[in-house]
């Protein structure tokens, strides 16, 4: 394999005296599906925020496709091909699902600055939107306001928005948070069907999902990487059991 | 949709016919409503569409007025003086003020825009060559080929033409892909950034467009009154426009115009009957904020929707 | 030197006025544009009490309580439904109250300028080197410092203070502490209104009272709070002192540009530190 | 107030009824049309007090005449200009075009007057200025349709310049708010003060319209230790300035003199003892000992239960100008030239003395500028006349009215 697609180098982020992330180094190959697990407060979401530029690292840096992206504003990071979904649905509540997807798909489009351009046709007629909507199972719900969708559908939309920007790297923050078992099953199927070109980094608590989807697993604990390896190896690691699986019962 | 357009068209025809139907004072009230309607719409582009609550929009209104007054008085009574120069000046000022203000957000944005407009006010108030506290009187109306703008009905149609122009242009802008981006920013700015939108640039573009149109409205106000004074720049002028937008319905184009009509109507009619009209206005406004955040237009829609 | 003292006194008055605004913002996230109206209401209520009882000191105690009550009522009835709707709706609501209060004051007390003399104990001037300085203004400085100290102690050393500080950082966290957040919100808003009224009463012997006084001072108060950083007690104090000095020296030495100075100071601070001197990046 | 409002409402009702019952109204035309007077004054905002005072003074004249002048029923239409030029202009247009008033009376603010001047002139609308003192309206922006029954800013101040130099001291520090009226007044004072050998040792223009704290200026004055401080402030700023002047202990050191507005009755009670000893120049004092004033003060007190001030006199005289002018034309307002001529010629006994216009500027010739000192009279503060300067007329430079 060539150089990794994403390389986090000794990333540290402090909030006052508290180090949310402390010297985390991580490499993710292109086409890989990596799960990030760890107890609450382990620094998982902070890691995502540092990768996307929403937070700046106190020390260390992030490289993407061979170039340093730390210090770039978040929108520029996104333009490089990194997209994320949020733990709590973070869609455009007052726009339709279709419009949500189109906004995501149109990020960076030149015509966004043509102030007097003709109004575009309804979002549901756009091929790009339909394709993503189909991929996340919202093909029939495009004209509904995002705020009116069911919880499960909102999570699907969340994924769709992240996907619609056609990212090279997709960061998924607990895609099944708050879902019923049935909804979770559906989400797992959707994720499994994602094209391999999209490299994924998934924060997840649902261990079944982790072991179904992930190629490799990284375990964060107290802001540091505790263990990393194939799912089976991690599952067998006694330290992981101690800090996470054993005490948790969250799955 | 089609019926709404038909309604708007009928309304426009009725407004255009006013000088031949009613006395000269109601016509002038209508003209003032049109001018303030343009101003309020331009503010709504920032407030209702891009989520930027600016208390400094009066800076561009007043600037347009002053530039038009200076150019019409001292240079040439032409459309260049009445339209091009005020719009250009307001756009340039909007670019600078917007660039600096958009770096901050929320309350700080409100305060920074307010501070900038107060600086414009202080500048005009202190400038002897701008007439200081008394402002600039004797602003002539421009001369257009064969049109006598000093005649009420001609001036009425002239203002209406500007109004329609602003309305059509803004309607086009808010429906364009650009307008959709603004909607997205208004709805969820953080997500727009995460999706890769250079949000500040879009906000700045909206700010400049709003400033430009406000400048044109200010120019019309100066031509309408034959006069411009520092009060046009004062922050409460922005506040009044904000009231208009909120009363009428933010995030729509008809709303601000409706709000302008309601505000000016109340101010002109109610104040003849009671000294306490500000109390009534304030209470009505509070009522709208609490119970009808979509404004008059929203109320009408709710009514129509059953 | 004498001018620095003038600046200090003016700054203290601004502090009394702005600290309530900043507390309200810090806890509730509300920019209360009607804060100036509370100031005016306090001034008028103070005059009413002082005239009725003949005691300035009683006015200083009673008027803030009355206005705090008004503040609590407004918070409960009008602001509470808006917390879910974001800051713009709240700003607009309080903007509406400016109109209402402006007119109510005129209705209740007429448009005449009113004033009361400072209490006899604080009349007169003291010699300070070559200059002279009014005793009452020294009182204002000391009073402002005392209020600052008391507030600091209240915030740092009491349970309510801890809750408010927690609320400033994170309302959800405060709720997690098992606190009735709604009640704390009301209390903080009332306290902020009461502080504005306190400033109003203190200001009356120097500035007199008339219905438009609240709107006139509002912009300055907002500038103080923004310079200092919204939600910060220290920031409010620092902002007041800076603005007091800037405005005093501006008037004395650069009268032609004194109107720009305060706005210039504010713009400069915001451009260099977008959240003010003591502000935090959140919100 | 209430009465005029009701009267106004009744007026509206009758006009509306007239419009509906067109035929009958026309037949009833035997009775002349009502005389419509539009009052463009602040009824809200800081200057509401002045608006009320002017309205009260004006109402007194018509009340006495049974609300009929030269056979025509008087109808007042009040509009609030909010001291905002934009609003004032809109209301002026309303009064002129919608109500078709015969006379416009107002405004208080010089900003509003500057704003409406061209509109009034072009509409050939007769305007009786009841307060705003911008010199320019008697100078290069004068109009044959504008009469001023109040004062020009120059008038109270120029006589004070020579008087202060002669009677108080020849070393003065000037303070005024930084806007047109402040500049007008200080210019007029300086002109005659310097000519009389006076020396201006300092000059400050304070922020306007908002200024809470005069301390920086008072400290400067304290350091300069001038013999006289000459000031112009009005309304809330007059209260603040006078109070803070006293607070800083300057009263004992530097004599405070100024334009009459500094200590008018609208602000005197709030100034309290701090105002004692202040010397001001004004065209009026409540204590003037002449029959017209005695009658005026008695009537005003009886009706409104308070002491009238200069602003009430301005309203009172504006009404008298209208009444006398109209009587001269026999109630006719159609023939504008004739009416204008009649107005230019009005002459009557005003509380301030014999009232007449300067035909060159159509600005009132002040019969006297009274030099007044604030003293306690019968337990109440009052402006006691200590001297007077006769026949003060504005220079009218640049005004080209025939006359």
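Just so it is clear, A, B, C and D label the chains in written order, and each chain counts residues from 1 on its own.
Keep this in mind: contacts are C-beta pairs under 8 Å (C-beta built on N, C-alpha and C of every residue); 3 or more make two chains touch, one makes a residue touch a chain.
Everything numeric here is computed off the predicted structure, so don't read it as measured data.
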Minimal step count in the chain contact network, subunit B to subunit D: 1
Leftover contact groups, counting everything except subunit B: A | C, D
Most distant chain from subunit B, judged by the mean position of its C-alpha atoms: A
Core chain by centroid distance, with centroids computed from Cα atoms only: B
Chain centre separation in whole Å, for subunit C relative to subunit A (CA means): 46
Centroid spacing, where centroids are CA-atom means, of subunit B and subunit C in whole angstrom: 32
CA centroid of subunit C to CA centroid of subunit D, Å: 37
Residue list for subunit B, restricted to those that touch at least two other chains: 125-126, 278
Junction residues of subunit D, two or more chains touched: 44, 48, 178
Of all residues in subunit C, the ones touching two or more other chains: 103, 259
Interchain pairs in contact, sorted by label: A-B, B-C, B-D, C-D
Subunit B-facing residues of subunit D, complex: 9, 43-44, 48, 77-80, 84-87, 89-91, 93-94, 97-98, 110-111, 114-115, 117-119, 134, 141, 178-180, 208
Residue numbers on subunit B that touch subunit D, as the complex places them: 23-26, 28-29, 32, 125-126, 131-135, 137-138, 221, 225-227, 229, 231-232, 267-268, 271-273, 275, 277-278
Subunit D contact footprint on subunit C (complex, rising order): 2-3, 6, 9-10, 13, 103, 106, 110-115, 117-118, 124-125, 130-134, 136-137, 203, 205-208, 210-213, 216-217, 220, 247-249, 251-252, 255, 258-259
For the subunit A and subunit B complex, residues of the former touching the latter: 52, 54, 73-76, 78-79, 83-84, 86, 90-95, 99, 102-104, 106-109, 111-120, 161, 165
Residue numbers on subunit B that touch subunit C, as the complex places them: 47, 51, 53, 100, 103-104, 106-108, 110-112, 114-116, 118-119, 122-123, 125-126, 235-236, 239, 242-243, 246, 276, 278-279, 281-283, 285-286, 289-290, 293
